[in-house]
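Same chain, two partners: subunit A is paired with subunit B first, then with subunit C.
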Partner chain A sequence: MTGVTLSRWTMSYFAAALVALMAAEAMMAVGYGFPAAAIAAPETLILVHVVAIGWLSLLMCGALLQFLPVLVAQPLYSNALALPALVSLVVGLAALILAFLQLDGRIAPAVPFFAIAAALLIAGFAFVLWNLARTMAAAPTMPLPARFVVVGLAGVTFTVVLGATFALVLGGTVDYGPLVALTTAGLPIHVVAGLGGWLTFTAMGVSYRLLAMFMLAPELEGATTKAALLLGAAALGMAIAGGILAVLLGGNPSLALLAALAMGVLALALYGADVLHLYRARRRRNIELNSRMAAYALVSLAASVVLTLLLLAIRRLGDHAAAVVFLIAFGWLSGLGLAQLYKIVAFLTWLECYGPVLGKGPTPRVQDLVVENRAGKWFLLYFIAVWAGAAALLAGLPLAFRFAAALLLVATVGIVAQLVRTRRLADVKDAARLPQGARPPRLLLSCQP
Partner chain B sequence: MASSFVELDVRPILRAGGEPFEAIMGAVSKLGPGQGLRLLATFKPVPLFSVLGARGFAHEAQELAGGDWEVLFRPEEGASQPPSAAAETGSADASDWPAPVQHMDNRDLDPPEPMVRILAATEALKEGDVLSALLCREPIFLLPELAKRGHAWRGAFEGDGKTYRILVRIGAAGKAAA
Partner chain C sequence: MFIQTEATPDPKKLRFLPGCEVLAEGTLDLGNREQAGVSPLAERLFAIPGVTGVSLGRDSIVVARSDREWQHFKPAILGVIMEHFMSGAPVVRGKAAAPSSPANPATDGGRAEIIREALRQVIDPELGYNIVDLGLVYEVTVEDRGMTTVIMTTTTPGCPATNYLKAGAGEAAAAVEGVESVDVQLTYEPRWTPEMMSPEAKAHFGIRDGGGW
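Coming up: the complex of A and B.
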């Protein structure tokens, strides 16, 4: 074990991700995509993929390149592989957007953008998966949080394979009957594999470790955590394998998805109990902004589970699926992501800039790089806007939703400005900013001598 | 391919509150070619897996009745040569190190304060001095910084599986590599 160093391209992943988040919020604010357009319209598909690939997947990939090595105590297999992965993902997303515009008839179908998007996105995710898989294969141990990540990586694999299948069928490259059937009926499986398998499962795994680490709480390795892992993995297996099988046999995947939901809710309940335990058993009384804001994200996750069950009970889930997806994507995943980014960017910047000179003279603390009171207001606005937006979708008020999306954008710009200030050491007092031997970090790139 | 295993039962040492690391490394250094180690402990000795893995041993752990653990460390083929000291400053046997001149308990500090204090302490010590620190997790971001500054270290979780003890020997990495 030689320890873990800074992942060189993680800040570039974060920056690209944040640009995509702000772009998506701007689209919602100006009324692009659902609810102004139909839920399956090309505009909505563009919006959804800017959020899912551009923001959430790039955020998660960048975070995993840095923190999977921490989870398994093993250096990252390759820093160099992270850059071609990022380029493939970003260009692949651009191609996918162009392909959806072709579907809409807005640009000529001369270039096969669907096939290009499928190839680039498969390549980009494959580079990331290979890098992370080689890192884990070399690790001496696989603690429970890393096992959640393994399930998450299986989730992204299925999501990408299904997505690529849809792209090839919609682009006219493939017309094989069963794959056409999968494209017609497989959308819910793609969504569950992506939001549930890849993003939620990975976020759960990483949050177990980050919450324990930042709140000085004991690591959880007990029966509830193991059961959450097994039940969650079983739920995803049921949704993905069962769902695909049902479609290929000519049925519809609803039964498999319902069975998966039952197991998934149990898994999330166990996760919720674990997280409550982490907050209660913490030795650090005054927790930092990232852990306080993570609580709002966790509340949003709980709210989306309750909302799903309520809508199912009154048989209205089909009508309001968008509100549930919005709450999961922006309340839970984005909320948790932004909250932890606030701490991660500060910590990585501090380590990069001051690590080499620690102990040799006075250096700022990590908390000197941030001003929590100022950032806290933007976070509060962010969560209020998310909840207002979900309520507007439920109530069927498109104009109110656009207003909430505009607030969301303002809050996000506020948070991003804090992250840039942190990266630039703008909140560190002048006299302390650059002790002898310390070099200012670059905005998008981490270098360690 | 191990033809035989030498058995080492460290449960009595652990139950008496002792630190079995040196006994284990001593037993490993006495193993003949192709010989493996059968270790009996009161917990799953996860940190040893990487320490002995770096020395070319594969491990197989199984829980015994009563919560004890049996671990078979088997020499891997083609890995019989000792690891290079330069690459494995972290795994080096510390049995010949002098007693620590400074002890720190950093278990209740907010991260990354434990790392800050250890690095500050290393700057104040003389070459060859040993520092001992207790932590509540493996200090993965500290280790590359110690290596960069030329210090040797060795660390492992204590018997309770919750306290990590690291020993840092000032300026010893360069010497070991030479």
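Coming up: the complex of A and C.
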């Protein structure tokens, strides 16, 4: 078996993603977008896409370029495709922001930014998808976690296609009736495909493997995992295919989305049972910060499911959908992402710096690159801020939400500072920092000798 | 001569496989120094502080220990077993020496164990512990003219550290005096489990013995 190598541009994806996260938190803190603006206002759309594309999608793409090869035990198809993909996604997001500003009347509509954004984002995601699909196609086996990623990649495909359709319609490039109808009524489908299909499903797949790996727990391939995969895939199929069909036939996608929700909740319950089993069956009793913080993210996911069902029961889901989305985006996806980043950055930095001198003399451990006690405080502040922010949205307190967002930004800056210290080997003892032959890593990209 | 060691369900007992016949038939359980008088090999093993019992079988020797950790006296046990079989002395008094056929009596000379010791400076970066005590090194063999083969695994297939671990193991083994060439082979048969860790590594991670996954 060939060993998997370092993905050269993964660190660059992570850096761009973290900049977008901090920018989004700053926007929320100063009152840009919802709840100060309407949920469908251009400001809110800018905020949402900075989070969904700039932060979460770049994070997920960077992580997959490094860890999908681990899931399928097959080297990445192409390291070269990663850079054009990153550039396309970042420039595409910038074009999308400009397009929303055009929609708001803040800049002149002379340049067709919606069409440019659609083309660039399709190209960027296509580069990533092609790279990952070719990697999986060459793999001798397809373990269950990788199958979750396959469903996630189907989710991003539909999300991008729907998003591009909306962009072309909003930009006036397309005025074909059914596509206009899809743009008018298809927003929930776009959100479900993106948050549920692409981001949540992929995070579930990767977490099955990473949690087992980091906690020395048995890898799960049993009936509950398979059922979670099938039910989740069916839920997404129902939401996307059923929803689009309902809109194109002139109906309302709500029924399809409700049916999808029922299956999705069951899939998440099975996933929850699996994850609980992983924590309980772990052989490593003293788990590291990333695994402890992942538990808070999983609690946020469970809380968002419970909240959704409660709001649905009292018929107030429409009024408080933003609180649910906030909890999923920042508690579950961002919480899990930041927690795993903390470990992944240290691990990749170790490989890059100390891997080449392994066996030639003593080397520090990955654990020597980080100071968990210091980072733990920032993570705790982060999750407290997320839960406070969700509560503020539910209670309809915009000022309290802005305060929570400011805390979120402070906590994120604290976590990012830890990642930079890790990258700079700032916490490694002087005597062990650079053994003979070791080279200090660059901040934004990985160089493999 | 290459002596393999195997964990047993009881963490206080370790099985040593010298690669040759120990007893022609049956087993011999020796629980103290007095009983060990029937076997020159067992007598010498009991002289090592920490050894509390010796069981001789057809092709293995099971040594029981006190509370002393294996790492402190396992090399001494390996040395006694090797010297005994190299000398041609009988395993049991009054009987002819067992017809030993150690792997490479002329060339190994305990070098495999020295190489294992050298491999301890190679750490698995994720777990932060050396690859030998993690149980990632399945076999070390030294053949004529110092040609060494290390068969090892990683904690998970496709691990990004795989190539570095292989190269690091090769570097560490090659640094041992008398080793002329090193071939590091990667295998996932059997798949690694935490049960393969040494008792010390298990204690470090807070892993209880038994139960597999």
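Here are some notes:
Keep in mind that, in the parts below, the second predicted complex is superposed on the first by the 449 of 449 C-alpha atoms of A that agree within 3 Å, B and C clash if a C-alpha of one lies under 4 Å from a C-alpha of the other, contacts with A are read in each partner's own complex, and residues count from 1 in each chain.
One rule holds in what follows: a contact is a pair of C-beta atoms (placed from the backbone, for glycine too) under 8 Å apart; a residue touches a chain by one contact, two chains touch by 3 or more.
Quantities reported herein were computed from a predicted structural model and do not represent experimental measurements.
Considered on the superposed subunit A, subunit B and subunit C are sterically incompatible, since they clash. In the superposed model, more residues of subunit A are touched by C than by the other of subunit B and subunit C. Of the two partner chains placed by superposition, A:189 touches none, neither subunit B nor subunit C. By the document's definition of touching, of the two partners only subunit C reaches A:285; subunit B does not. With both structures placed on the common chain, the touch criterion links A:95 to neither subunit B nor subunit C. Of the two partner chains placed around the shared chain by superposition, subunit B and subunit C are both touched by A:358. Looking at the shared chain after the overlay, A:140 reaches subunit B, while subunit C stays out of its contact range. Once chain A of one complex is fitted onto chain A of the other, the partner contacts of A:366 extend to both subunit B and subunit C.
Legend: residue contacts after superposition of the two complexes on their common chain; A:218 is shown touching both subunit B and subunit C. Contacts of A:16 after superposition: neither subunit B nor subunit C is touched.
In the superposition on chain A, contact is made by A:73 with both subunit B and subunit C. After superposition on chain A, the subunit C segment that clashes with subunit B is 168-176; the remaining candidates among 6-14, 96-104, 168-176 or 204-212 show no clashing C-alpha atoms.
Residues 1, 3-5, 69-70, 73, 213-214, 216, 218, 283-284, 347, 350-351, 355-356, 358-360, 363, 365-366 of subunit A contact both subunit B in one complex and subunit C in the other.
For subunit A in complex with subunit B, the touching residues are 1-5, 69-70, 73, 140-141, 213-214, 216, 218-219, 283-284, 347, 350-351, 355-356, 358-360, 363, 365-366, 448-449.
Remark: subunit A residues 1, 3-6, 66, 69-74, 213-214, 216-218, 281, 283-286, 347-348, 350-351, 354-356, 358-363, 365-368 touch subunit C in the complex. Those residues of subunit B that touch subunit A in the shared complex are 46, 49-50, 53-54, 87, 90-91, 108, 110-112, 115-116, 118-123, 136-145, 147-148, 162.
Residues 121-123, 125-126, 128, 155-172, 175, 186, 188, 194, 205-207, 213 of subunit C touch subunit A in their complex.
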